Every structure is written in structure tokens, then in C-alpha cells.
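Chain IDs A, B, C and D follow the sequence of writing; residue 1 opens each chain.
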Amino acid sequence: MGMVGGGIGAFIGAVHRMAANLDGKIELVCGAFSSNPERSMQSGKELFLPESRTYANYEEMIKQEALLPEDQRMELVSIVTPNHVHYGPAAMALEHGFHVICDKPLCFDLDEAYKLQKLVKESGQIFALTHNYTGYPMVKEARQLIRDGKLGAIRKVVVEYSQGWLSTFLESTNQKQASWRTDPSKSGIAGAMGDIGTHAENLAEYITGLKIESLCADISILVDGRKLDDDGNVLLRFENGARGLLFASQISAGEENNLKINIYGELGGLEWRQMHPNSLTLKWPDQPKQILRTGVGDLSEISKAHTRIPAGHPEGYLEAFANIYRNVAICIDARNNGQEVNPVYQDFPGIDDGVRGMEFIYKVIESGKTEQKWLSFS
Amino acid sequence: MGMVGGGIGAFIGAVHRMAANLDGKIELVCGAFSSNPERSMQSGKELFLPESRTYANYEEMIKQEALLPEDQRMELVSIVTPNHVHYGPAAMALEHGFHVICDKPLCFDLDEAYKLQKLVKESGQIFALTHNYTGYPMVKEARQLIRDGKLGAIRKVVVEYSQGWLSTFLESTNQKQASWRTDPSKSGIAGAMGDIGTHAENLAEYITGLKIESLCADISILVDGRKLDDDGNVLLRFENGARGLLFASQISAGEENNLKINIYGELGGLEWRQMHPNSLTLKWPDQPKQILRTGVGDLSEISKAHTRIPAGHPEGYLEAFANIYRNVAICIDARNNGQEVNPVYQDFPGIDDGVRGMEFIYKVIESGKTEQKWLSFS
Amino acid sequence: MGMVGGGIGAFIGAVHRMAANLDGKIELVCGAFSSNPERSMQSGKELFLPESRTYANYEEMIKQEALLPEDQRMELVSIVTPNHVHYGPAAMALEHGFHVICDKPLCFDLDEAYKLQKLVKESGQIFALTHNYTGYPMVKEARQLIRDGKLGAIRKVVVEYSQGWLSTFLESTNQKQASWRTDPSKSGIAGAMGDIGTHAENLAEYITGLKIESLCADISILVDGRKLDDDGNVLLRFENGARGLLFASQISAGEENNLKINIYGELGGLEWRQMHPNSLTLKWPDQPKQILRTGVGDLSEISKAHTRIPAGHPEGYLEAFANIYRNVAICIDARNNGQEVNPVYQDFPGIDDGVRGMEFIYKVIESGKTEQKWLSFS
Amino acid sequence: MGMVGGGIGAFIGAVHRMAANLDGKIELVCGAFSSNPERSMQSGKELFLPESRTYANYEEMIKQEALLPEDQRMELVSIVTPNHVHYGPAAMALEHGFHVICDKPLCFDLDEAYKLQKLVKESGQIFALTHNYTGYPMVKEARQLIRDGKLGAIRKVVVEYSQGWLSTFLESTNQKQASWRTDPSKSGIAGAMGDIGTHAENLAEYITGLKIESLCADISILVDGRKLDDDGNVLLRFENGARGLLFASQISAGEENNLKINIYGELGGLEWRQMHPNSLTLKWPDQPKQILRTGVGDLSEISKAHTRIPAGHPEGYLEAFANIYRNVAICIDARNNGQEVNPVYQDFPGIDDGVRGMEFIYKVIESGKTEQKWLSFS
């Protein structure tokens, strides 16, 4: 694997590396870790890479690696840069025959998204997007339960992603994470709705298997001086008639990373919270609540295939993230060996999820600006 | 105290009686417990009332009691009938010089609400509305913390009231609670939004001290055959610019009585849940969360004045409900004795809260029917 | 009902009164509220009693009330004094034909306990002891589940009652609750083990239906200057061979009233916590946990008979306490009317529980002083 | 790193490998994965090792690796075999100049423990024992808080490790984990007390910084046919006079991996639970509870040094486990480069913890068999 971005000190780059490391199936062999060539070199050194495989920029990396013998060169490019530097390396990697794992949201604007979608389909390469929260075993269990009709027809969905880390004007301090995420030239047209709103949208559609059909949004900047939205509240209607709410915020002071979802069907409800990811609560009318737990009892095949250790040993964010890398590794390996892949390992977010997320960003920002109540989102 | 409605078997009548009993300050002396005179008689007997003080209807009760000597007659009328039988006894009781405690929502329609408001103001009698959830000590503590500026300016409010008991077409079985609540001729123009949405609205405005300024609602009937809304999701904007969400549902299968509120200010956030009412969570950026608990430590005077027992002995729904009755008893007693009342005991929902609730019902139902995004609610 | 002790400002007296009031079945008609006659008079006045029914001491109260006509005099004496003033009024009340509800532990010493047991049996009067925690619906549900064999044979029991209110030398400040509870001349031979250890013992034996057969205790005074135990840890063996632990402490700084119990059988486990009394967790090997909730679904008859309001409206400590008073009232009423009582209402702690508790106190204190490992407790 | 044991399908071997992988600082270069040479070979292949570095047994591995050039051979041996195969490879690895990470408990019997302790001290090599629970950031924070005197002098410690996986006679089914753990010829003299009781002992002494001075144990076999203890309850006295309880069980039906600890000092208490490892609850008399969270706010240097990702992204069991591997890697690297190591990275369990654990096993089993109440454990 080669990495684009993620120099020493970066948050998400380190996450991707740990996720790639965990299962021993992927080796970091090269990288272009920073737009600053010296920082890139320094990062490569600290990651035990030889100088020859640490590149000054992604263009060089992709070109040079493509020239290496097949058994030496990277097979996969991991892109962990800010949004405005997703499309470039992704497109180039695909064009040179590499598989791609890209951080979310997919790219800078919708135009890039459609171009990238076309490229992925044409190339036939594997493309994964790190909507990592769907990597949790209990999220997969939830989806399976709904697919199996355990809740009956879905009537209501409430998905929330509340954070508080931008409740002050943090970008004025040059804090790295805040700076680019609140900068329209790097982040794109959306702030919170792009950074975390898309996770919420992806989670809701993934678990329910339902598409949002229309939406009505109140999108706000609540911290003075900020350039992009830091709070958004959205009414949802799903294709089957279900009602819903999506709200995402980065000014919910004191919240850490409070992603959670409640889904109600004709027969019962379920609740999952990212902060306690190994529990899945099922709620039944006139019956005791049930707490399903990672690794306990007769869970679905797909949930078990994404669990590493026995029950009671908490698995966390990195393990869920690593499930994407592990699955991609299995798929690449199978492809290399001409083997079939068990569908449970093909379950990771891809280019279509990425395009859907970009469309969501555009629709929700548009809704925030209009006096029209409902916008179609199909 | 005399009671209107609440014959044997009624849910909320029994609650009101237990709430009135708890502190030994109020005695049930008479009642018109049912529109069926025989049922009323039977109820009176089971409540240890003499036949002479058990009346066939509220008109008779109010008239007869008014004729009794002052030291024998009831002072207070408790109205625990369905919505369409609130205005009648309330108006008549006020006109005959009795104080009134009335179940919520205030009455059948907005017209009645304004008339009743006028009557209360003219009569000078005490009028309390049982928005009982504001009776919890930790709700009062939350309000005080915000008044004291501990959270800074409020930016976001999320209030939820989810129930699941109407997730089937229960009214078709003649279940008593379901039947009248889903019947427009008894409940009024709203179902869930009137029954529990108003509690959510009241709680949010009570704790924050802020008025909702505009709203945008998606109001639905999700169970086939039902005549009134059973689910509503509402975007809120508050007078100070804060954003918010209110959602209330009676089809959230598996939920019991899940009323909760999250409020975020510039400095921190708070969370309170009715199902665990003795805890109030404060969330701070870069500081440990704090769990305030009923009766623990240096709480506000108003919180302590509504706590009966030392910390660790859970106080519940009835105690919160009883706080309204207890406060009304204190106020009546003070009035009778020409004494001042400590303001902490004057804190119970009154006629203006009731009118506000009725206006909320009308506005939110109107919003549910229009394509206009925001409706003003001031 | 007449009350002994519980003058204005007393903690447990007010609890007993609210418990008696709640259901409207018991009326406070007289009292001897304090050993100080003036305080007693003042208390009676504040409780709306006539002077003629407020007595200077319990002897006078019992004598005078016995002289009143049957339809006027009290039927029941509630004893809410410190331990050394339990036996006297209880014995005298029984001898004069009154029923008794007495606070726990039963009395000052084991000798009194046996004498009182004899008196109760001879008198045939109703005698209830306020081991109130068994009044919670979910405690009764737990007991029923075990009776029904749902957990299989019981193997292990862990019961804990941790408080922190005596983690400082509070009695040196003359704090009323601390003063008598740590004074051997009022409390008896035990401090924490008598005050709360007996609750734990009662809860464990009540739910499991098993007797503790032998025990091994480490009993300590951990706050300098204190005269009675403030911490105790006890190994338990039950009659059926089950193992267990009982620990009770009043120096567990920061704990409120943390009474909880875990019970494990061959087939599954259960957990109940007094601080969240409306949930009962069932734990199953290889199956989802289940959360039973007060009022939800198909619970046992006995649990439902001790629940007042629908699910989701938290019932607390006072309601559990009131279940003892309510049941006693039902039993007295049935006796007066020559009726049978449904066994679910006969379920309240009585004289044998009280004697068992006193024996526990003596055995556990003895164990704390000896080098012998196991003491028989049968 | 070379691995002894942990062939495909083994539980703890996979955990060690993931822990070693996570931070990209340790590479698996060889292994003797099974006592069955073919299984070892197959395992090596699946782990991408060349045949030349997959050995038939640990003796061969250590000998052959020692012959390789310094820059090629393993530096560290990871021992993940059952207890009776700890001493052999550990001793041999040390004698050949390799560092060792060994699973717990230290070895088969106390004699081996003392010999190994001597060997480690003589060799000067790094020796780590995977008492992994002390690797959690919030456990380190708890220890630091106590060191800093925030709780005052410690008075009481309650540590529990409850599991339910052996609540049936699982070893009769040849389940691999159950078979060796309940077999005295492989596990040693203890079952549950060795497997998990030592974790509890280690956790309590690690966090408090206090040694257990004496103990009194009730050790049982509660499942018919089992050969080693499956339940143990122990009274503790600590060197400073603090009281305590340790209980560990593998027949607590329905429990997953319920390790938790409550510690009470003169000033306050703390609570940590392995199943929710990112929270540390501080309890204060007359003050709100505080919830410290991994990565939130101004935590101790040592806690932060063992946290990988920002707050709200749950870190779990593998991350805590990996902290031992990461720290060992840092220490080896520093030693190789003649550098000092920041003390926060020197914090991992070592040979003395291992010997202490073995002594605990012997003492607690002895106590379980004697009628003497207290045994000294110093």
C-alpha cells in the first residue's frame, strides 16, 4: 500500500495506517505523506520506509511505483488528504491500475464525484470509501435484522451525529483539523454536513436499506466568523414513506463523537450508538428489551465475519475502520488469485456511496438556502 | 379537593389522586368521577367518600359545593377528563370561586383556551396545568443553571418525546386511553402533538427560558386508519437565534415514555431524560462530564425545594406530579392566611403555559399541512 | 394510623407518612412524634392533627387511643424511632390490640427480638417491618423468576449496599442521622451492618428464597473515632451450596444508596440495582441480554400488583415503601371484613424477617471478631 | 518478533499478533506456532512467513534464529502457549539473548516463577507479561489520580472479574479454550483464579499502588466434574489497612468479561469497568460525579501517551493490549540506540508482576483449603 497524505501528526492518516496494519494483510510500502517534500521524507523515515519509496508528491509516487516490477510495487493507494486533494490522486491511481481507498467525503465537488464514478466503473479497480462506521459488527447486525424483516416495515429513522469540538472559533488558532475543514477552498461547499452529516446519511441508508426521497433542512453557522455550516437539522422522508430526522452538529458543546441511530418499524425498534458500539438494543412492544452484543450468541454471518475477538473484549473504532481495509485486502487477494469472495467481505462503502454522499451535501446545502419546504433527493 | 373525571380504572385520575395525597396537604372531599352517574357513585364509594359528596356530574358538584359552608366545601377542583371536557368544568369552577388544577393540554380548541385565559385572569383564582415533567427537581436545576449563565448563550435544543404504545391500531380495540386520544371530537385537532408534543414544547421553553420563534413541521399519520397525527418532527428556531428540533411520536415501537432534552450553549451542554429523572448530565468541552443527582450536594434552592428524600432514593413520576399539587396547596394556604409565598413554590405551569401549548398545537398542525417552510410562532 | 417518632425534620418519619398517604387508604389520626412533648405537639399541629390526638409519649398514645370508640381510634401504630425505641412501643401496641408497622432493624438486641416475635405470634396482630426494598415491583419479579426456575439452581449471589455519607466523622457534628446510628446505646451492637447490611441480607434471601447457611466476615471501623462498624465484607454460603458475597459500607465515599444484587444460576443471571429500580436485567449464555421493565409486557401477577402507573413513568423509593403500607391496609381491611386476601398483597416483611435480621447482625459481628473462618448461620 | 504458539484458530495468539501489528513497530518474522509441526507450517504460511522461518518447535526456532545475522534475526519472542509451556521458551529465549513477551499467568508453578525471575534479572533482557488490562488509558489515569492523592488515603477496594463461559461443563466438549484451562496438567493448581483472578489482583495492586497484605478465600468448583476452581471470593486486607474484596468467576452465567473495580478513599471514589473502558467515574461526597473520558481534556501524561485517537472514537481491548507491545518496542529500540526512555513508556507488567501473580494463585488456593481465617500475603 502507498499512502497519499497522512504525514506525522495527521489524525486520519495514522488511523488509516493502524487500520491497515491491524490484520497483517497489508504492508505500507511507500508514500507521499505531505505536500511539503521534507515533511514527506521525514514521515517516511519514521514509518520505516526506505528513502527510495518516499515520494515528494503523489504524482511522482504513482508514476514511479507503476514502473516497478509487479511483485514489488504497491497495489493499493490510500488517500488521506483533505477533500480538495482526493480527486487528483484517486483518478491518477485508478488510471495507473491501482486500487484505491479514499477518505470521505468523496471529493471536493459534485462534478469531481461524477467524473470519479465514471473512472472507477471504467477502470474496474476496487474503490473503497472510509465511511468507517458501517464497519462495526453491530451496524451490520442491525442491517441484517432489518433485511430479515424483524422490525417489519420501517416507519421512522432518527440519526444524529453531534460533536462539540468546533463550539469555539477554533480555526482562528490554526488548529490543523479545524483549519481545512472550515475552509471552503479545501472542504468544499459544506462544513459539518460534509464532514459528519454524510456519515449520518450513509449510516441511515446502509442500515435501513432505504433511500431518502426528500428532505427539508435548516443549515446554520452558529459560531461567529465561521465560513461553513457547523450545525444542520434535516427532516427526512424515505422512499417507502418512512419519516425521519438527521441532525449533525460540531457546536454541540461537550459532545465527543455522538453518532447514534434509532429506527422504528411496525414490529419493533432498534438503537445503536457509536460511543458504545458493541451493543445493539432491540425494543419490542410489550416484551423485554434485548441487548445484542458483539460476539455473543447466534448473530448473523456478516456480523461475525467482522468481529475479531470473543465477547466482552471491547472492539472499537480502529477495528471497525480496519474492517474496510481487511475486506479490501481480501478482495484484492481473491482477484489476484482468481477466486470468489464471500459476499460478507465485499461489504464496504464504494464509489456509489461516495457519489450519494456528495449529492446529499449539495441537496442539504441547497435546502438550507431555500424557502421551499421539501426538496426531492432521489 | 373535588375531582372531575378519574373514575375507577382511569389512568390519569389515579395519578392525580396519588399526587394530591402524597404530602398530606390535600384531602379529596368530593367528586364527579364519571359522566355515568352510577360509575361516579361507585368510584366515590371506593374512594371512601360519602354519597352526599359524590355527584352525578360536574355542574352539580360545583353548584352544591358552592352552597356548603366555607370550612366544609372543596377549595380546589381537579379536572382529569379528556380534552373536550376541560373547559366546561374549569370555567364553571373559576366562576364559582374555586381554584383549578387541570390536566393538559389546556382544552379542546384555541378558542376555549383564550376564553379560559381571560376567565383565569379575571377571577384571580389559582390555575395550574399538569405539565408534570417540569416538576422534577433536575428539570428545575437545569433551568436554574441556564438562568445563571452556566452554559452561556443557548445555541441548540433537541427535545424528544417518543412512545410506542400506538404503534398498532389500538383504538380499534376500544382501549380506553387510545380511543379518546385518537378521536378528533374528544382530543381536538391533534393527536400525538397535543398529547405529548406539548409536553416537549413546554419542557424546552421552561428549561431554556426561550420562546420558539418559528417552526417547520412534518406531521404524519403512520398507522393506517388513524384519524389524528401519531408522529411529528419539527425544526425549531428560538427567539435568540438558537436552532432546535422537537420530535414526538406514539409509533416509535418499543419506546416507553422517552422524553429527553439536550441543550447546548456556548460554554457547555446538558442532558436530561425522564426515564432516569434523578440525573442531570453536564457536558463541558475539554472537561470531565458531570452528573448532578437529585439531592446531592450544593444544588439550587428551587431544586432542593422539590426533593423529598435524601440522595440515592429514586424519586419518580408521581413525586414530580405531586410537586404541582404541593405547590398549589402551599399557595392556596398562603392566600388563605394572607402570607407571602416563597417564589420556589410558585413555580408550576399555569394558564399562560396552557395557552402557549394550544397555540403550539395549532401552529404545528398548520405547518404540517403547508408547503411554506417556516411559520412564525411568536 | 398513629405514629411513634418522626417529628418534623426527621427523615424516615416523613418517608413513612408519605408512604402511608400515597394510596389514600390510611389516615394519620394521632401521634407521639418526639420524646420532647413540645416538639411532639408542634409536629402534630403541622400535620393537621388536633391537639387531643397529639400525645406526649407513646405510652400515653396507646393507652388513650385504646380508650376511644372502635370507629375513632387508630388501628395501626407506625414506629419510626431509633432502634432502642422499637421494642417498647411495638410490644405495648400489640398488647393493646393494635397492628404495627416498624422501621428496621427490628429492635435493639436479639433478646428483644425473640420477645417481640413471641408477642406477635401470640397477639395475632399484623406486624410489618419496613425492609422497603423488597417492595419494588422488579424485586418481586426477580423472586418470581427464580421461583419459576428460570435461572435454574442458584450458584452465586453478590449483594452490595454501599453508601458514602459516613466517610467523614459526621457524628462529631451532631448530625441527627449520624449521631444515633453510630451510638451503641441507641443503635445496638452494629452500625452499618445493622442499618444497611440487614437490608442486603433480607434482599438476598427474599429474592433467592435461600437461607444463608454460614458466613465469614471482615467487619471494620474505618473512620477514626467511630464506635460502630462502618464497613463489612462477608463471604456467604447458602443452604443449597451456592456461594456468595455480601458487602455493606457507609464509608464508600461518593456512593449514594448503591444497593444492588447479582444472582447467577445454572441457566442465567439477573441483576437489579436500587438506583435504577424499574429495570431488571436478565443475562443468558449465548443469548441477548433482556431488560425487563416495570409495567412492560407480560410480567408476574405479583409484580403487576405492586405497580401503580404505566411503563415509562419511573416509580421510586416512596412507591416501593408505600407498597408495604398499602398491603398492610388491604390485610387489615380484609380482616375487619372477614375477607380473604389475595396472596400477592400478603407479601411484606414481617416479624420473622425481623428476627432473621437481628440474628444476622449478631452472627456477622461475632464473625468479625473471631479467627474462626466459617460461622454457621442457620 | 517470533511467536511460540498461536497457530491458526487460537484465540490469544491472534490477539497478540494484532496487538503487535497495530502500531507498525513490530514485524512478525518467524514462529513455532504449534506443537504439531504441520500445523505450525500451515500457520506460518497463512501469516505470510517463509517456510525457512516457520519452525517445528520453539527450541529449534530459538536456536536457529540465534544463528542468523543480528539484523535479520528476531529480537523478541512472544509466548502465547498454555501455562505449562511458558517457562521453557521464556527461559531459553532469555538465555539466547532475546527479549520476551509472555502471556499470563507467568508459568505453571511457583518454582518455575522464581527460576524465571532469577533468569530475567540475570539476563537483563526485557520481559513483559500481558496483564493487558493495565494497558487501558483510563486505568493509567486512575492510578495517577491515586498517586496524586486525589482520593486521599485508600480505604476500600472492590475488584471483580466475572465471566459465564464455563457455566456449563464445556471441557467435556473438547472446546479448546476450556480444555486446557480446566486441566491441572496444563493450567497448574488453579482454574479461574489463575486465569482471571490474577488479572483482578494485578489491576487492584496496579491502580492503588498498595499490596494485599492478607486474604481469606472461599474457592469453589461449582460445575460438576470440573477439576479446577471456577469461582472464588476473597476478603482482602491491604498493607495500609484498607479493606477489600476480590471475586472472580467463570460460572457467572450470562456475564461476558466483566472486570471492574471500585476504589474508595478518604476524599472520594472511582469506578472503572473493562466493558466500557473509555470512561472513568469519579465519585465525590456532596459534589457531582465526574466522568473522565479517554482523550478528553487535561488528563495525565501517562494516560495520553497510551491513547491513539481523539475522544469519542472508542478504543478497546486490542489497543490496550497493543500498548504493551508498543511500549516494549519503544524500550527495545531505545536500548538498541542507547537512548533514554520516557518513563511513561516503561509502564508495562514485568517479571515481578508475574511472580506476584503466581504467589497470589498459591496463597488463594491455600486459603480456600484451610480453616484458618486470614493468611498473610506479603
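Basically, contacts are C-beta pairs under 8 Å (C-beta built on N, C-alpha and C of every residue); 3 or more make two chains touch, one makes a residue touch a chain.
All values derive from a computational prediction rather than experimental measurement.
Engineer: More contacting C-beta pairs: A-B or B-D?
Structural biologist: Spelling it out, more C-beta pairs touch across A-B than across the other pair.
Engineer: Please identify which chain has its centre, taken as the mean of its CA atoms, farthest from the centre of chain D.
Structural biologist: B
Engineer: I'd like to verify one number: the distance from the centre of chain B to the centre of chain C, where each centre is the average of its C-alpha atoms, in whole angstrom.
Structural biologist: Their C-alpha centroids are separated by 34 Å.
Engineer: Just how far, in Å, is the C-alpha centre of chain B from the one of chain A?
Structural biologist: Centres of chain A and chain B (C-alpha means) sit 43 Å apart.
Engineer: Express in whole angstrom the distance between the two chain centres, defined as the mean CA positions of chain B and chain D.
Structural biologist: 55
Engineer: Please list all residues of chain B that touch 2 or more other chains.
Structural biologist: Expected reply: 255, 282, 289, 293, 296.
Engineer: Spell out the part of chain A that touches chain D in their complex, as residue ranges.
Structural biologist: 11, 14-15, 17-18, 21-24, 28, 47-48, 163, 255-258, 274-277, 293, 295-296, 308-319
Engineer: Can you name the residues of chain A that touch chain B in the complex?
Structural biologist: Contact set of chain A toward chain B: 151, 155-156, 158, 160, 162, 164-165, 167-168, 216, 218, 220, 222, 231, 233, 235, 237, 243-245, 247, 249, 251-255, 262, 264-269, 282-285, 289, 370-374.
Engineer: For the complex, give me every residue of chain B touching chain D.
Structural biologist: Touching chain D from chain B are residues 282, 286-293, 296-298.
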